[in-house]
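Take a look at these structures.
One chain, chain A, appears in both complexes that follow, with chain B as partner in the first and chain C in the second.
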Partner chain A sequence: MLLLLVPFCVWVIAFLILPAVGMLISSFQNEGGQGFTLGQYSKALTHPLYKTAILNSVMLSLVSSVIAIVIAVIGAYSFTTFSSKVRDRMLNISNVMTNFAGIPLAFAFMVLYGTNGMFTLLFKKLGLSFLTFDLYSWTGLGMVYIYFQIPLAILLIYPAMYAIKTEWKEASSLLGANSFQFWFRIGVPVILPGIVGTFSVLFANAMGAYATAYALVLRNFNLLPIQIGGLVSGDVFPRIELGSAMAIILFVILMIAMLINEKMLKLARKGY
Partner chain B sequence: MQTQERNRISGGRLWHNIVVILLFAFLLIPLLVTALFSVSTNWENTILPQGLTFKWYEALFSDTRFLYAIGRSFLIAILTVIVSLVIMVPTIFIISLYFPKLEKWLQTIVLLPFALPGVVAAVGLIKLYSAPPVAISGTIWILLGVYFIVLMPFVYQSTRNSLRAINAVELMEAAEVLGAAKLKAFVRVILPNIMPGLIVASLLSFSIIFGEFVLANMLVGGSYEVVQVYLFRILAQDGRAASGTIITFFIIIFILYALVLKIGNWKPKVKPLPDAEEEETA
Partner chain C sequence: MSFVHIQNVTKVYNKNKVLDQVSLSISEGEFITLLGPSGCGKSTLLRAISGLNDITEGSITVGGKDITNLPPKKRNVGMVFQSYALFPNMTAFDNIAFGLKMDGLSKKEIEPMVNEMLDIIDLKGKENRYPSQLSGGQQQRVALARALVKKPTVLLLDEPLSALDAKIRRSLRTQIRLIQKRLNMTTIFVTHDQEEALTISDRIFVMNHGTVEQVGTPLEIYTSPKTEYVAKFIGNYNVWSRDQLKGIPMNGVPSQGEMFAVRPEAIQLVSTEQAGHIGEYTADGTITMATILGNVMRFDVDVAGLNIRVDMLNEHGIGRLNTGSRVKLVIPSIEWKNIQKSD
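Right after this comes the complex of A and B.
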């Protein structure tokens, strides 16, 4: 019977373990794939281009995850106030929208907010120019990231939101608490573990996102995944070793984020 | 009734209506505008298009490059889903029933891809498979290989949940007590019972592969042009074809999700009877 496990093991070794080990080894080699060196890592962490890419990615992921979670919490709570039929329909639509990411999403945002985009022209005509933004700026990219993070955040946070019992709110308002006090003292603490867990998924989702920024070709966004892609398969001479080191750094950042998250999760649970 | 209570206390119907409307406006407008773009005659410097037409879709669906791209996406998706079910389901079944000690290992391995963004996975694969002895980079085979890994967490979750839900251990024992060999018991008793779960997993897997870009672009690119890579390549040149492709992609996604919902709802009703029938006719 153990024989039946062989195909699975072979597959995992061939397409997961071996590539990962190979990448780890090559990240410690010099260009040309020889010797042992920490040079690739020091280049990745000190060269302004690559250092900025790492910082940009972390910032973009943090900010877009936080904003998306805030919106998702408010939205998901509003979902729970509708009848179960309407609520299910809203959740289904939101879940389908998790598929709207990457290249299709970048295109849609170009049609809407690009230089001649529908909203860009509309807002200008209405004299609301302050509502327009440059899609090819960090604000623009941030908007796209927030967009594709929101449905995922709703999907993950909804179960926690649903746990907030109406009776609690009733009881607290009978005892004289207002809405803000309820959320500050009871609501948010209850959903905190859910928020923390959701955050780690969103952060990883944004850190690894490649297609969206890649598709906004009018500007080269300096992000970690974009740099990795360029180093490994770009038009320029491929630099697998440096690309490997950058990929390992991305992986390590995700691991650190997960560890911090687990710690916070423990803290969040301990409090209550 | 509970909902009404919720409304009364949760601080205003109006607020929640506004929140939901704004949220869905933000989420749906980009898709709707893309749809509008795909059927507009001319839409350059105006807020709304000047006219509507389906001619772009006619052009798109007579373009062999587009049709081939859709076909390639279907082929790789079907191939990967079949291979991963054929390999994963027996593996999960055997380990969870007969080697529970290995379960933790299996879980760790299948969840690994979650921590591995596509761009990271691509680096190792390019290095390993673009030179002999196994130079499969640029072919459908490397996509099959890595998509199997991408799907692992999803196939594992739904198979494991289905096995737990039907109480596979006791079902197997019962079947064996009644004289069925292990293989026969698995095929006749376990498989039909976990089928709805597997179908749902397959449909979701399908949508994942259809939407995948990074690996397809970095590992094979133009030599096996799937729909997302095709979309990227025509994005700058042909906005109509791009928007038409996006809407086609979304129609496929909608159909997949509708099927998932249908099967998800239909599962409990259908479970007791047909299985009993099948056992009798067998």
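Right after this comes the complex of A and C.
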């Protein structure tokens, strides 16, 4: 039986552990791959280009996650009020949409909302220019991120939402609470752990998203994954060590996000 | 003087009459039970009283006030659910305090009221536990306190004991009854368990397919079922139609009536060897099965193809009665209950 684990272990070692260790070592080396230095980290954290990339990524991830969560909570709640047939269909759609990300998604947005996109032109023709936006701006990129975050958020929040029992609502209404009081005192507190957990997944999802931003080539968004990609693939010449340091920083940010999430979960679950 | 007055209540779900012209009157402080099998409309009636369901027709009055069209929060009825329905994010204390908080009472007013309830349900010292840290019986007591603390005009209990195991169920039902008497709380209790209904109620309303089939005290319902349905549901009655009795060699079958019910414990059984001559007896038979129910022995006796169920106290000497024993049966004439055929 243990023998069956061998392929798995080999795979994990060869493609997860070894590269990670290599990256960690390389992040402490001089350019060219020798010696020991903290220089790569200090450059990553102080050089305006790289520092901004980190901040941009964190901001974009936070904002898109928050907006997606608010929309998803309302959406997931409305799912629970549908008939089971409609509900299953909506969940299936969310499931498919979750996988619609990266380059295809970016291209879809370009076709629809790009400078000569279908909707951009249509809205302009109809005199609804206020509905158009510049896809290649931060707002545009934010829209695309929110778009791919929403279905994932719905899928993650829905089970928590479904755990809210009708009897709680009924009991609270018999005890004199209105709908707002129910949500404020029972509904939201009960799903809070689910929301917090979802938030950290969304944040990680956005922090690591590479292809979507990369595909919107009309503008070079200064984001952490894009910088790492550039440093490692090296259009001019690769700087593996700096890239590694940036990657480790990304890793650390995700770890911190997860730890905060864990703490919040404990707080939110306090007692029950 | 009736305190809760339900008049001709009808509820239709997609053309399906779940309640059909139900009327019932309950006095103040009375404990009544709606008894019937699953799906007969007990919960629907209870939810109509609480306002969680609307009704298609009819009216509901509590304490002289017509509440038919009031929203749940305006009715001041308390309700306890089978699933407890405690708020999982609140401690026992906060669960009980919830309704008072919603009424805008201050912390200072709330605390003594909640403490009094904790005392009544015997959960002092556990008020800071969350529902998940309490046993099923404890959770249900908290749910009871949460409903009672608001001093509702009527307390509605929808199968509150069904999720608990047998021992807790029995002790909690006694406790509920004691609390109800102490607070003189008008109570409507729903159950599908006849034993529970018989032990706990002032009066029982036996329900069948959205109608009330018979109303009476536990003793009346148990000893004098009016219909085949009630007789079969309430106990282990022998229920026979006149057709079934045709040609069976039995003395004392009443000359009137089409359908009869006889309580199994009202029948006397004597082994033929022991009996010698016992005078007037009803029939000769053979025991086909003997089952121990604890303090009671249950015998299935065959009389010319008719099965008769007999319960006897598990006394010394009963061991002589065994599968295959020849016996004489005595059914006192007043134990033949004339009942109506149910469809």
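Throughout what follows, the second predicted complex is superposed on the first by the 259 of 272 C-alpha atoms of A that agree within 3 Å, B and C clash if a C-alpha of one lies under 4 Å from a C-alpha of the other, contacts with A are read in each partner's own complex, and residues count from 1 in each chain.
FYI, contacts are C-beta pairs under 8 Å (C-beta built on N, C-alpha and C of every residue); 3 or more make two chains touch, one makes a residue touch a chain.
All of these numbers come straight from a predicted model, not from anything done at the bench.
**Student:** By the touch definition at the top of the document, which applies to A:Ser173: first (chain B), second (chain C), both, or neither?
**Tutor:** In the superposition, A:Ser173 contacts both chain B and chain C.
**Student:** Quick check on the superposed pair: does A:Val111 touch chain B, chain C, both, or neither? Answer first, second, both or neither.
**Tutor:** The answer is first: A:Val111 touches chain B but not chain C.
**Student:** If we overlay the two complexes on their shared chain A, which of chain B and chain C does A:Phe251 touch? Say first, second, both or neither.
**Tutor:** first
**Student:** Of the two partner chains, chain B (first) and chain C (second), which one does A:Ile228 touch, if any: first, second, both, or neither?
**Tutor:** First partner only, chain B.
**Student:** Determine, for the superposed model, which of the two partners chain B and chain C contacts more residues of chain A.
**Tutor:** Counting contacted residues of chain A, the larger count belongs to B.
**Student:** Now for A:Phe82: first (chain B), second (chain C), both, or neither, which partner does it touch?
**Tutor:** first
**Student:** Could you tell me if A:Gln181 is touching chain B, chain C, both of them or neither one (first, second, both, neither)?
**Tutor:** second
**Student:** Residues of chain A that sit at the chain B interface in one complex and at the chain C interface in the other, please.
**Tutor:** Residues 170, 173 of chain A touch both chain B and chain C.
**Student:** Taking the touch rule as given, give the residues of chain B at its contact with chain A in the complex, in rising order.
**Tutor:** 2-3, 5-7, 9-11, 13, 15-16, 19-20, 23-24, 26-31, 33-34, 37, 44-48, 87-88, 90-91, 94-95, 98-99, 109, 112-128, 145-146, 148-149, 207, 211, 213-214, 217-218, 228, 231-232, 235-236, 239, 242-243, 246, 249-250, 253-254, 257, 261
**Student:** How about chain A: which of its residues touch chain C in the complex?
**Tutor:** It comes out as residues 165, 167-168, 170-178, 181, 185-186, 189-190, 271-272.
**Student:** Across the complex, what residues on chain C touch chain A?
**Tutor:** 50-52, 71-73, 75, 77-79, 81, 83, 85, 87-91, 98-99, 102-103, 130-133, 143, 146-147, 150
**Student:** Mind pulling up the chain A residues that touch chain B in the complex?
**Tutor:** 1-2, 4-5, 7-8, 11-12, 14-16, 18-23, 26, 71, 74-75, 77-84, 90, 92-97, 99-109, 111-112, 116, 118, 121-122, 125, 147, 150-151, 166, 169-170, 173, 179, 204, 207-211, 214-215, 217, 225, 228-229, 232-233, 240, 243-244, 247, 250-251, 254-255, 258
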